[in-house]
Amino acid sequence: MKKYSFYNDYSEGAHQSILDMLSQTNLVQEPGYGLDSISLEAADLIKKAVSANVDVHFISGGTQANLTVIASILRPYEGVIAAKTGHIAVHEAGAIESTGHKILAVESADGKLTVDLIKSQLTDDEHMVKPKLVFISNATELGTIYNEQELKEISEFCKQHDLYLYMDGARLASGLMSSASDLDLPKVAKYVDIFYIGGTKNGALIGEAIVIVNDQLKKEFRYHLKQRGALLAKGKLLGIQFKALFTNNLYFEIAKHANVMAEKLTNGMKQLNIKFLAESTTNQIFPILSNDQIKKLEEMYGFYVWAKVDENSSAIRLVTSWATEEKMVDEFLSDLKALV
Amino acid sequence: MKKYSFYNDYSEGAHQSILDMLSQTNLVQEPGYGLDSISLEAADLIKKAVSANVDVHFISGGTQANLTVIASILRPYEGVIAAKTGHIAVHEAGAIESTGHKILAVESADGKLTVDLIKSQLTDDEHMVKPKLVFISNATELGTIYNEQELKEISEFCKQHDLYLYMDGARLASGLMSSASDLDLPKVAKYVDIFYIGGTKNGALIGEAIVIVNDQLKKEFRYHLKQRGALLAKGKLLGIQFKALFTNNLYFEIAKHANVMAEKLTNGMKQLNIKFLAESTTNQIFPILSNDQIKKLEEMYGFYVWAKVDENSSAIRLVTSWATEEKMVDEFLSDLKALV
Amino acid sequence: MKKYSFYNDYSEGAHQSILDMLSQTNLVQEPGYGLDSISLEAADLIKKAVSANVDVHFISGGTQANLTVIASILRPYEGVIAAKTGHIAVHEAGAIESTGHKILAVESADGKLTVDLIKSQLTDDEHMVKPKLVFISNATELGTIYNEQELKEISEFCKQHDLYLYMDGARLASGLMSSASDLDLPKVAKYVDIFYIGGTKNGALIGEAIVIVNDQLKKEFRYHLKQRGALLAKGKLLGIQFKALFTNNLYFEIAKHANVMAEKLTNGMKQLNIKFLAESTTNQIFPILSNDQIKKLEEMYGFYVWAKVDENSSAIRLVTSWATEEKMVDEFLSDLKALV
Amino acid sequence: MKKYSFYNDYSEGAHQSILDMLSQTNLVQEPGYGLDSISLEAADLIKKAVSANVDVHFISGGTQANLTVIASILRPYEGVIAAKTGHIAVHEAGAIESTGHKILAVESADGKLTVDLIKSQLTDDEHMVKPKLVFISNATELGTIYNEQELKEISEFCKQHDLYLYMDGARLASGLMSSASDLDLPKVAKYVDIFYIGGTKNGALIGEAIVIVNDQLKKEFRYHLKQRGALLAKGKLLGIQFKALFTNNLYFEIAKHANVMAEKLTNGMKQLNIKFLAESTTNQIFPILSNDQIKKLEEMYGFYVWAKVDENSSAIRLVTSWATEEKMVDEFLSDLKALV
């Protein structure tokens, strides 16, 4: 029996305020398929938070969001540029290809795209897939983030080259609340054509909010949702969660907690002279430990061994969340200290 | 402001026992993607209820279940036979075709398939789609049900002709609890290759349980789930609901309530000499009213006008659920009586 | 050993002028993929024949043309309206569904669509496939044709309802050269958004010419061709055939021959008081014979038994072509007379 | 006006013996869709040449062959491993992804796969695409070839790991006739599950012969052909070409000529101390020239500039074919000598 799990940020259930709202609204009769009053309220709260004339649609999970969004944008021969570590390129079991589209995957050490990396994929050879969409994650799958200047450069390049820009926000809350971030929701909406605000990994039971900024991408989006099996009959389940999360700044407050816990882990380990695979300021961190230390830690804690570094050591992944208990962070550091 | 909605069986939230279990298990750390202890328990409860060596997978909704199941079974040139009123043939926005497969839709007055109707679609012309799967719903989209003899005949015909048989169980609880039904879960599992047990329309917030009976269809099914965006990170949300529903026979008890409420409506209307579009013994009924009566009822109650019958009258659809209040049924009948 | 085959219009090879041009140009080095000088010339000849500013692309066969065209036009949730007898709805092994799109098939006694039939399929329910394209064949799969008034009405209705109109021209030559036709290529181009001119069934070895009239459908069409495996390396094979066919009116002259042969068969059989399944003025005819007559004819001639009419009789299909020999038509009529 | 084109091996038409057979059989009536007597004969000739109990299907081109074969084998979540330079990974405009499948592309300097490269892609993580098919080309897109030992090792590894092995034989003739090759058709059939014999790039007007060795992959393959638009009505056009090519060893004789011409070019350039990008013993060669030399050569000859080597020089691609005239090879070498 392990003491605690740092496996991921979806190990627990939902923030209490979500459960409360579920109970309070449980027996109110509402229209189905996301047309209920609570989903409409939640969408309005997000529009306010984004400060732009956007369309908002709620959906069950990240892979579903990615496949529905990407397939809604591309013509059959068009493809999507992504970092090789991008979630769509690795951990979606071919969901994007299943909708008919190639992912043009680019090597990137830190999980981020740059204008140069995007440029390297452009072509107008009609025997090749035509790049039309750029996929970025913020925070990335390696815990890194984009700053405003980087995002602005990519955005401008995309506009110049008739490319759409899409941000996967599975961990957007943690990304925006990073102490190193100078971005916020209105700035994200300013630079990208479409993005999603992740709920599952930040306090919801389920749910992501797709935010469509570019008018050209808004048309008949609900048909896409329906066709992909993503239009829930009891759509208010999704609306309730985002209403709760976007009330009293809850969404950002709890992400901040996750980041603070990760920072505490990071600082504690740095004091033990532990190195890291990547510089993360978000809720995923990648310390490098000896195989022996890892073996002993695994008896006490849950986490993934992420990547082999050399014969004797590997990077592990520790993930914190809105629910991570500070005392367990302390205990982990204390247990680790005993092994170093 | 209307008094009450008979629009559908997904107008409310979840049965209280589900909300309770959600709260109780909320902060227990669990593995993701349906590998949590509660989902495993729920699957075991269903295996017991089905009395067969089946695989069980939980999924968000019915369209998602249908597209994932059907696409998992068929080779590219194979198609699925369904009644023209079948959910997949009408109300899934082309979800099945989106996975590459033709639906061979057959006219059927009562929403049911028969051996003869299935036979009419068979062909081995290599210029045509090859039928490989038969899709039936129980209860059907018109509220009708299959009895054991009918299901047995279809099942035997399918086996003889190398066809798989799939039952859409969005309203399986209501179908099996119909006073006219001689089927139960073990019998369903005996006759079909794969089916799903609907939760959304019978007390869950969200969720259907796919039950794979035929060993040939079990292999690597979780890959399909992942690829279709159907593998929820917090899969325990689904497990919790089916654990609650399959504890103390709750799933069937609440479906019985829905049926009793529909029966009460039916009997009350028959006393008023009202005719019906179809003979339903489940939770959807289709009384035929004059356009004038409909107009007045619509001011007080929510329901769909289903089909025009002649210049002066139409069939409406009334749907009851686990949450339908008996006093509202009485009030509806009383209000209707005043209009006749 | 049978005397002659009336099975279809692709039983023989190519018109001699095509073989001659193949030989003459065989060793001239040319660019690949349809960018050769002969394909460009052929496209110009077609543009002149059509009298409109169209794009022309050559492709191997009819199913390939249909799937490439339809998939190039539709967004994922959009569908195509067709007669139930339409080639795409029956004899393409699900090629259209394979690209993700539903065919909304409408009953039609004579293989033709009308404004009323199209209207019956329109809907803006986001749970259903959205009709966006209308598919018609001319001549139809039953040998019938559209006149200008009929085509004009459909065209206007499509424009009013934001639908594209596509004509499958596998047997366009026979259709336009029908004695009952008041259409020609420029009129077709005036009324439809996109169509194809069939070569395979009218004197070519292989090849159809896709003609895109509507500017909105022209963009990057060659990418679609490439992706569907339809861009032939030695594209000049296709160009040569259409250059030959559109030189000296050959395409229409040889279609006229096919029609005259079919008319001769029809008239000869009418003199024998034989009835027909449909009134065809093109190169497919459907006489109704007794089963006994059919059995004896089958020993001498090749043809398909098309549809059972009653216990004692069936309709057969006789197809003539540019290569049908008049003496075999005479012999067939003489042999049939002996059986009546 | 250029003197000669070394652009590719599909710049000309067909070998004369194909044109002759086309003329001789032109007016013989035959069944359609590849069931004609000539296609059956051609298939028999290939079966003899392969010395195995294979199924043979003829198809128009290489991209069509690749997409039809690959989509016929894989279940939705399965993918295909290929070298990053593989034709399917680069120059098919996403044809494979269009059928729903991911290509797992591996870096390879010489265009070949090895057991180690294949092994690097294996995974059984259900969140990732499952590799099920290995795609190799022989000759490769870089002109290199597999020897028997290499092919045997890959074949054995695939069998051990439940992977199918598919060989793209667009340039199989040139590959097998390479002076460095110890493979022949029966050996290829011994080691792979399915492959195709390329006609278009070796003397045909059009056409590839898909050869299915593994019984499991044979079932109902013609349905796949039909659905992909690949079943030509006048299928005998394809049969004729392979009958001609597999009569009197023509297929291999003319490939040998192409290789000899390439070898002559190679040897001539080596005498001029010219280096090569890759060691090719087939009909594609990649000499490295100064940008100045290239510019002058381009005024006289057609060829592609393939890859930048450094600031001052690039590799060009010269392709020879069955039709390459020896005097033009001599003239090219002489013109080049004057530039060195």
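Chains here go by letter, A, B, C and D, matching the order in which they are written, and residues are numbered from 1 within each.
Just so it is clear, a contact is a pair of C-beta atoms (placed from the backbone, for glycine too) under 8 Å apart; a residue touches a chain by one contact, two chains touch by 3 or more.
Nothing here was measured: the structure is a model prediction, and the numbers come from that model.
Connectivity without chain B: the remaining chains stay one piece (groups of touching chains, all others kept in their positions).
In terms of C-beta pairs in contact, the better-connected of the chain pairs C-D and B-C is C-D. Rounded to whole angstrom units, the spacing between the C-alpha centres of chain C and chain D is 34.
Distance from the chain A centre to the chain C centre is 51 Å, each centre being the mean of its Cα atoms. With each centre defined as the average position of its C-alpha atoms, the distance from chain B to chain C rounds to 43 Å.
Shared interface positions of chain B, i.e. residues touching 2 or more other chains, are given as 76-77, 92-94, 98-100, 126-127, 223, 226-227, 231.
The part of chain A that touches chain B in the complex is made up of residues 4-5, 7-8, 10-14, 16, 19, 22-23, 25-32, 60-68, 92-95, 98, 200-201, 205-206, 223, 226-234, 236-237, 302, 323.
Listing the residues of chain C that touch chain B in their complex gives 76-77, 79, 90-94, 97-103, 126-129. The part of chain C that touches chain A in the complex is made up of residues 33, 71-72, 75-77, 99-100, 126-127, 130, 220, 222-224, 226-227, 231.
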